[in-house]
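Okay, got some structures for you below.
What follows is chain A paired twice: with chain B in the first complex and chain C in the second.
For the complex of A and B:
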């Protein structure tokens, strides 16, 4: 059975299922799905550090924010079309991650975490104050939508509004990024990153240049966070300083742990569950943080492997029972 | 093969290793012995770059390696095992050794191919030679203590070392495990023409396989020679072999 599960091209299956949402649901569901897709990429990019390399970054939001501003400034201020601004935002963010990461990987454990947090607060302060470029506390409203009218000319897509069109675009771009991340994690490079997570000392003494690999992972994670931020800015029709605020680093970390950082799809599942719960529960009660806290406590004590870890364990138990029967 | 000259290291005034010099010849099996706290592990960490020495030098095969980073030293043909077992616990046995091959053969920068297809044969051969055939898909952290020590030896061997440093290879083992491990190490050393430097608390093991023994006491070298010489040395008998 396990072989069967391994042979399913999950990226493709997830993509096809997600593609049907604008047909099945209304505008609200498409809106929610867009948000989930973007956050899923953000959480997956964090997990390259957290779950794969074993680096706890408290400042991952910096790269989400830089990507959002990069793309927003290019498109709004400079009038650059989306298909150039989007890749440029990712690469530009990667450059920032490379520079910040150069200093961060010199430290380990809590000191590494604190330095990533410090850099993200510096980025936030600059975004908040540099009025001429970032719009300061007013942010950058009215980032233009990419020109997606061509989607309406595809057969079967003619009745979709601009929100649905953007969802299709975001879904395709995120899925390409996810496929690349998945490939990366099962490559020799990805395997080396896991040896650092498992045992830095031993990794160094099979010949791994630990800092250099950590810097590479940090940069790649920054690039993909930048892509997700770029999409988020357009999705929200504007880029604002609170995208870079440190509490968002905690949100994305909660998504990753909730979904399960030992499983490739865990962070994406966490992003979906947390986004949906947030929407549902805030419509009943204003005590969402209380509910979230309770969920987290339960999770850490009952399912330390997150949702995917719990599903995995349940599946294994089921198979055992069946083979014993 | 290995030349240690006047190596010294202090920790806030406490001399852990002081002025230690010795050499290991190519294909020799050499041991460093001494009571707990004599500085054996510190000496190893100085040689393998885990600690920077305060003074002295380490020369490997004519090349000065004093104070350079562990991953570079590893690339120059020095492999080591650690006293506390040091493996990748949540990877499988196969993945542990294969990862070491990926790194050593310079494949680590490949971010597009599938990792599992590389060095399958080499990994299988190496696992068989250290007695772990059939355990390929076992998660390394769930192996027995003795098997984990074997796996760690495998990690060290995957980088094709000429000189292998083993820090207490039989620590915590039963008598029969110790016997098997020593037999395995001897077999591998002769098959691969390795030079071996190890620390060990079990004197029987040391005098059984070592061709040369260096004795550390309170960070200083008090004897250095072949087993018969060391056994006869009055200083060694006094401080270490427990005779007064």
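For the complex of A and C:
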């Protein structure tokens, strides 16, 4: 049974299922799905640090924001087309992550978390104050949509609006990133990262340059967070200093552990559940933070493995019962 | 002068944050929420006992005690079950408290700005170099170092302080030696909460009480603690003074960029001395 589940190309299945959303649902569902897809990439990129390498980065939002600003500035201020701005945003973010990460990986545990938080605060202050480039507290409104008319010329795609077209674009790009992340995590490189999570000292003993691997993981996670930020800036039609505020780092962490950080798809599941919950609950009450806080406390005390962890445990129990009977 | 007053408030808050960090090794995001609750509680008490003389002082003490009790309950009933878990869970738990307490305060006291008038004893002020300095600010500037001295004496000169320092170094060993580490932690959590609550109550005559003051202050206190050195008591003190001065002189030198100058200071310190000005390097 396990082997069968392992043989399914999950990335492809998820992609094909997600692709049908604009056909099945209305505009609202496409809107929600776009948000989920972008957040899923953000949470998955964080999990490369959190779940795979065991690095608690409390400033991951910095790279999301840098990606968003990079792409927004390139597209709006400089008029660069999306297909150049998008990879450039990822690379630019990676460069920042490399520099910040260089200082961060010198520390461990809580000190690492605090230094990453401090860097994200610095990025926030720059975004908030550097009016000439980032628009300061006004942000960068009206980031242009990429030119997507070619999607309409594909057979079967002609009746979609711009929102649906952007969803297709985001979905394809995110799925490429997810496939890359999945490949990376099961590669020898990913295995070394897991070794570092399990035991830093032993990893160092067998000859792994722990800091270099951590820095590499930090940079890669930064690049993918940058990609998700770039997409989010376009999706939201603007880039604002809010994107980089530290509480967003906590939000994406909640997504990651809500879904379950020991499972590859966990963060994506968490992103989906949290985004849908947010939409549902904010339509009833303004006290969403209270609900989120309560969910978080429950999660920490009752379901530390998140949704995927709980499902896994349930599945195992079911199988045991069946084999006993 | 305004910078110095702000610095003393910041110190009261940051010292509690640093104290918790020194003992429990966790960054308590909810510390700002305790500060905010202290302010709201002070307002509430002032409105209950408006007629009594010295009601402001009653409110300040009441707020500190109330927040300390809340902190104690949270530590005793929830937080202590997370001590042997990873830092991630501890950090996120304190963040959950920020969310819950922030909304609870909004629910209880609304979103309008509330304010408390100065205690009549400290009304008025005097003139230095053409600017009027309110007596209340002088009182705050004197209180900050006094509390610093008190906590420092407690940490270094008493048996309790020795236990606290021992707990920070090796919890299990202290436990094995027969000390009641569980209640020691609860006590430290309450002390730190009380400092936050007191700061919240004392700030009410100067600043309006608004939702969101929790997040604003925790960011500042975090910067102070990073500049001064984590878990270092005097580091927090000098970090606050430096922060207040950089902030108020930053306004004079580059208007509009004062916030930025503080962050720049933090960045430089992080790169040159990641353990802060007064902290000790950790490996």
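Methods note: the second predicted complex is superposed on the first by the 325 of 325 C-alpha atoms of A that agree within 3 Å, B and C clash if a C-alpha of one lies under 4 Å from a C-alpha of the other, contacts with A are read in each partner's own complex, and residues count from 1 in each chain.
Everything that follows uses one rule, which is that a contact is a pair of C-beta atoms (placed from the backbone, for glycine too) under 8 Å apart; a residue touches a chain by one contact, two chains touch by 3 or more.
Bear in mind that the values here come from a model prediction, so they are computed numbers and not experimental data.
In the superposition on chain A, A:210 makes contact with chain B only, not with chain C. In the superposed model, A:98 makes contact with neither chain B nor chain C. Comparing chain C and chain B on the residues of chain A they touch gives the larger count to C. Residue contacts after overlaying the shared chain place A:190 against chain B, while chain C stays out of touching range.
When the shared chain is aligned, chain C comes close enough to touch A:121, but chain B does not.
Judged by the touch definition given at the top, the superposed model places A:287 against chain C, while chain B stays out of reach. Overlap of the chain B and chain C contact sets on chain A: empty, with no shared residue.
By the touch rule above, chain A contacts chain B in their complex via residues 183-184, 186-192, 194-195, 198-199, 201-210, 213. Contact residues of chain C toward chain A in the complex are 25-27, 78, 81-82, 85-89, 91-93, 95-100, 102-104, 106-107, 215, 219, 222-223, 226, 230, 256-257, 259-260, 263-264, 266-267, 270-271, 274-275, 282. Residues of chain B that touch chain A in their complex: 48, 50, 69-71, 74-75, 79-80, 82, 86-91, 95, 98-100, 102-104, 107-116, 118, 155-156, 158-159.
Against chain C, the residues of chain A that register as touching in their complex are 50, 56, 58, 103, 106-107, 109-111, 113-115, 117-119, 121-122, 125-126, 128-129, 246-247, 250, 253-254, 257, 287, 289-290, 292-294, 296-297, 300-301, 304.
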